[in-house]
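Order as written gives the chain letters A, B, C and D; numbering starts at 1 within each chain.
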């Protein structure tokens, strides 16, 4: 065996903890994030003078973050496998365009499909993009960062070549209606998000592929030597991420009733931010769906709160940045104890 | 695995297991060595290929007008990429470089009038300060670099827009000389870049601290046990990246004779991609600065050549994606084929 | 031997969440002695010495070096005080060269203050010469074998102006040949007045080179004796808390039918023309010096690396395993040499590691049958007596011996019939070792065939029904249990080109 | 079609004997795509070759694009700047290359008519802001009986020059109408989804009766706001929403009584550009700065209603949504 394995580079989050050796790594990350969220909610209630906790506002927040919520779950799959996916946002938009255009009565670029088929077509597009990422990630030693940056550029190019920048504004009416429909006080997209949380959770915790995914992220060599088909698992991971991204695109379309190819440019960093703010280490092999949900909630609530407080758009950028630093910093403190 | 065999037997001893080899095996070795040698030169090959393509596609490629533009654009991204390189080598990422450059450009634009060229120092200082903030978050706050610099990126954008929500035009004639001076087709901006590359290269190669950057990026725990102050190295790396991003902001301000708060969106990805094309490992601890800088030139030439070749802009995005992938994948695959065949790592 | 105390540690206490790693341990080291430290896996040996090198800080207790008390010892300060360590887990920077690693943290400077690379190379070569080895100074450490990397670590410690040298299992990856050289060096350093802390699980080593021996158990000091006044059974009793009967419990149960036969298997540059048969219930030992190609051979049979030519025949039909999965499906399991890097997913739980290869069998369609997984895990934790607080414990926190049992357990759980063991007891304490031996014996009796590569000759001799010796990638001889002795094996293991450390 | 220009390999291969180079800010939005398409049509209509570069919204890239285009020695350079300040070097570059320059839509530093910088063809965004604000004043007077009311403003991308210019126009008018107050601003990034999120949050912040109207910097965001308002059941705000760009879906919203007004910001600079260039060549150019006419669409009269219907029909005919 070569040395590179026995001195495998320590996890990124660990490497960033100088002077601590390997002490206190027992408590897994994420546990303390709940308290950060609680603190943020309390702050939100006080600062918004109670507006924040009005049921209508709470559902508004959930409604707003449902799209990023699904996208971040897709990102989490990639991150747990010790990768990352920069192409998710572009995939979501491409899928939304496919669903929107083919389901519309008068499609501009695609053949007309009944809504269910159009949705399937969108999901298939996501799957194909994801599988391409996964095959390259599984069969070559190229870092996922580069793979997905490349596919991102390719998807964006292809999307614009197809649409010439024109938006899809007339998707199937049923889709728009569903986007605004509510069950009790919860909008349908939020329920869909919840459903996908359950699906994501089950995939990670109950399936063979989920278990293998953790092993691949934790130690690819050992996983391979234990008979895990690493390349196939990566295909599964990125494929699943692609399908989830397409589902996010579907929610996006339902919510806005239209989609333009330039939408969603902020998705790339946002989904990654949600994952890391939730406390999932980029070093792979760890993390749960619950962590992603926490991360998304924290970012979503912060955004809502800033709007409620009428903070100027310019300042919002800085405040959002500060909140990311504070939340993750506080989590590190809580999860790993006070410094020595 | 040639090195592994040399591990015990002196290269010239010639009595290792390799002498038991038969004809075809030697041939196998030689072609392997040739291929992995090639893969070690991937960025140089790609660079020359781009130059050649440019030359073939358009007679205007090698004009002084075109080169001057290419080189001064490369200077801005290149200075930014030096910082990104330093941070990646030390085991991190810096997503804030673009936003920090924006702050610096707007600071220099707004202070030149009052302070004259001192404003340049203020701008560099603001870059370094933001870099230190990242470093502080990473070392003291124990926040993973990607999150820390994402946060600082937001803060920097906010700061830039708070200083001025629209661009500021620079008229200072002395400052403008930065951009207008050139030696033949080599602009002063490029010379500044080259000097900064030389300085950082010398720092990394000739000082103990430089070696520590690679050590911390390669294995922070070992570095710490060897008595290296990991926190100080990380702090220095981020501060340096901030300072260089500040310098890039100043260079951009000179090039565009203005500062702009919204500058640098997406530059973090550009710099990372360029540096990786230059053969730098995203996992830290290895990579050559000069090659990384050739990576920057190559990356920019992709667009330049496609523009000269009149490639449809949407298609440009597709081709750029494929080229980046190929630039990293081909050498990586070759290296694995010939070096680590099926090794468990 | 002089009596000046270099280091004194008193009442050292350290706990990690859920573990009291050290409880009031006392320890001292004199100039010019080799002080051995021994104890079961997890007894706290490494933790104790990590306090001394400043890698970690005790919760309580006093560390005195040269009569001076130090509260916040840091690695840099410890180095300045002349404390160097060879850590148990390789702590080299893979991307840096040999010379750079050796001088990391104390790089020589030229008069102008620049890094003195020429000086670094010169000095590194000198230290390596002292060790009697030749390594490429400018090769990145990632390209060295584990054994050579260990030599670099030793050189790294020796390159400092050291008065206290700590060696945490330096011999674990070295074969007896290199160990000899190491002992000579240790002897030389001792006579120069250096104080040496030597940690090892191989008792013979301690008896050979130690002056004093301290035994630890469960994070506590048990006893400190002069080596001359003690014996192996004494030490074992102090360590384990009970008498340990004969370590090697080997009963011969070899069947007649050949389970695995390897024919002219070749992987160029690693091993050539290897042929042998492995019978049902047989333990076939694979001896050789480091780099003889044993690991590579096992990896190749297992499908982890490709062969260039030759054949592997399993139960009469050819096995063309291109991936480990295919070998596993055919009933082969590999316990790799690099336990932490290739054997385990350190961040995941005991249960997940134990059931990873059998996930397919333990799930219906995509869905894992949670109850059965838990049952399998429970069964093997009990059966192999894996000491873990719970099935959900990440294996990172298990002791070496228990980690190794997890690796073995995962193959048993998926019904393996041929086990390839690569250094099965490296870094495992005597207690766990004898458990592993007993387990191997039991498995053989149950009809499982074992191919065991080991650098520990007593282990090869004690456990094998037959021994193959490899040198320079070729099988140089085959010995029956009766024929095999240390001398015969060594004479066939030394390469003919013999340019090895001497 | 945009595909054609990919076939051209170098200058002089067009069907005419002239080349026009166009540096476009970005091709990510339909308005800009239409802007480029129209420019290409006009250029090719005049028998010239059209070459184009897409700056992807990055001023640094646009500076290089301009150089790349000038390297090919076109007969005319047309630039649609990403933003004002950083493109200051462009006139100098054109001067150096000896290529006449026409700047369209957004401004850049420099004086049209000096040297190679021949002309500046634009839309007056400050005026757009004024027109919107004047309509707001009329609307509030209608709603509240006098020029009083509380307005929220969903802006385009923070810092973009049209955003800042329009704000200037709005501020000018509101300064004269102290009764109307802009109580909140939110960055809607010129897109529908962020626009909707802004409105959702603002609806939480301001209960019924606390705000009277919404200005959105484009129709996309206005439509997002409408969706939020409908979903929240705050129908009292419907009809008191102001947009910009006069895209088809925006016009339809006005007819449906959900939006109050919108203003065209026509992307069709092609004709005017080629005409101007002709004048430059003939040395007959007098107006070095020219404004594109814009149309206000407001359903306050039958005439207005009819104009909107006609425009919708026109856009449907063209198969585009915007402009």
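Here, a contact is a pair of C-beta atoms (placed from the backbone, for glycine too) under 8 Å apart; a residue touches a chain by one contact, two chains touch by 3 or more.
In UniProt terms the chains read A = Autoinducer 2 import system permease protein LsrD; B = Monosaccharide ABC transporter membrane protein (CUT2 family); C = Monosaccharide ABC transporter ATP-binding protein (CUT2 family).
Computed from a predicted structure; not experimentally measured.
Enquirer: Based on which chains touch which, give the shortest step count from chain A to chain C.
Expert: Contact-graph shortest path, chain A to chain C, evaluates to 1.
Enquirer: Return the chain pair with more inter-chain C-beta contacts, choosing between B-D and A-B.
Expert: Counting C-beta pairs in contact for B-D and A-B gives the edge to A-B.
Enquirer: Computing the C-alpha centre of each chain, which chain sits at the greatest distance from chain A?
Expert: C
Enquirer: Could you work out how far the Cα centre of chain B sits from that of chain D, in whole Å?
Expert: About 36 Å separates the centre of chain B from that of chain D.
Enquirer: Taking each chain's centre as the mean position of its Cα atoms, how many Å separate chain A from chain B?
Expert: 28
Enquirer: Distance between chain C and chain D based on Cα centroids, please, to the nearest Å.
Expert: Inter-chain centre distance comes to 70 Å.
Enquirer: Taking the mean of the C-alpha atoms as each chain's centre, how many Å separate chain A from chain D?
Expert: That gives a centre separation of 33 Å.
Enquirer: By residue number and range, which residues of chain D touch two or more other chains?
Expert: Within chain D, the residues that touch at least two other chains are 2, 27, 158-159.
Enquirer: Which chain C residues touch at least two other chains?
Expert: Residue numbers touching two or more other chains: 55, 74, 91-94, 143-145, 304, 336, 341-342.
Enquirer: What positions in chain A touch 2 or more of the other chains?
Expert: Within chain A, the residues that touch at least two other chains are 1-2, 4-5, 7, 9, 19, 21, 160, 221, 224-225, 314, 316-317.
Enquirer: Write out all the pairs of touching chains, ordered by chain label.
Expert: By the stated definition, chains touch in these pairs: A-B, A-C, A-D, B-C, B-D.
Enquirer: Across the complex, what residues on chain A touch chain C?
Expert: Residues in contact with chain C: 1-9, 19, 21, 23-27, 206-212, 214-215, 218-219, 221-229, 285-286, 340.
Enquirer: Where on chain D does chain A make contact in their complex?
Expert: For chain D paired with chain A, touching residues are 2, 27-30, 32-33, 155, 158-159, 183-187, 189, 191-194, 196-198, 200-205, 220, 223-224, 227, 230-232, 248-249, 319-321.
Enquirer: Please output the residues of chain C touching chain B within their complex, sorted ascending.
Expert: My answer: residues 53, 55, 74-76, 78-79, 85, 87, 91-96, 100, 104-107, 109, 113-115, 133-136, 139-140, 143-145, 148, 156, 268-270, 272, 291, 299, 304-306, 336, 341-342, 472-473, 497, 499-500.
Enquirer: Could you list, by residue number, the parts of chain A that touch chain D in their complex?
Expert: 48, 51, 54, 56-57, 60, 63-64, 67, 108, 160, 164-167, 169, 180, 187, 252, 255-258, 260-264, 266, 303-304, 307-308, 310, 312-314, 316-317
Enquirer: Where on chain B is chain D touching in the complex?
Expert: 57-61, 63, 65-66, 68-70, 73, 76-77, 161, 165-169, 179, 252, 255-263, 265-266, 300, 303-304, 307-316
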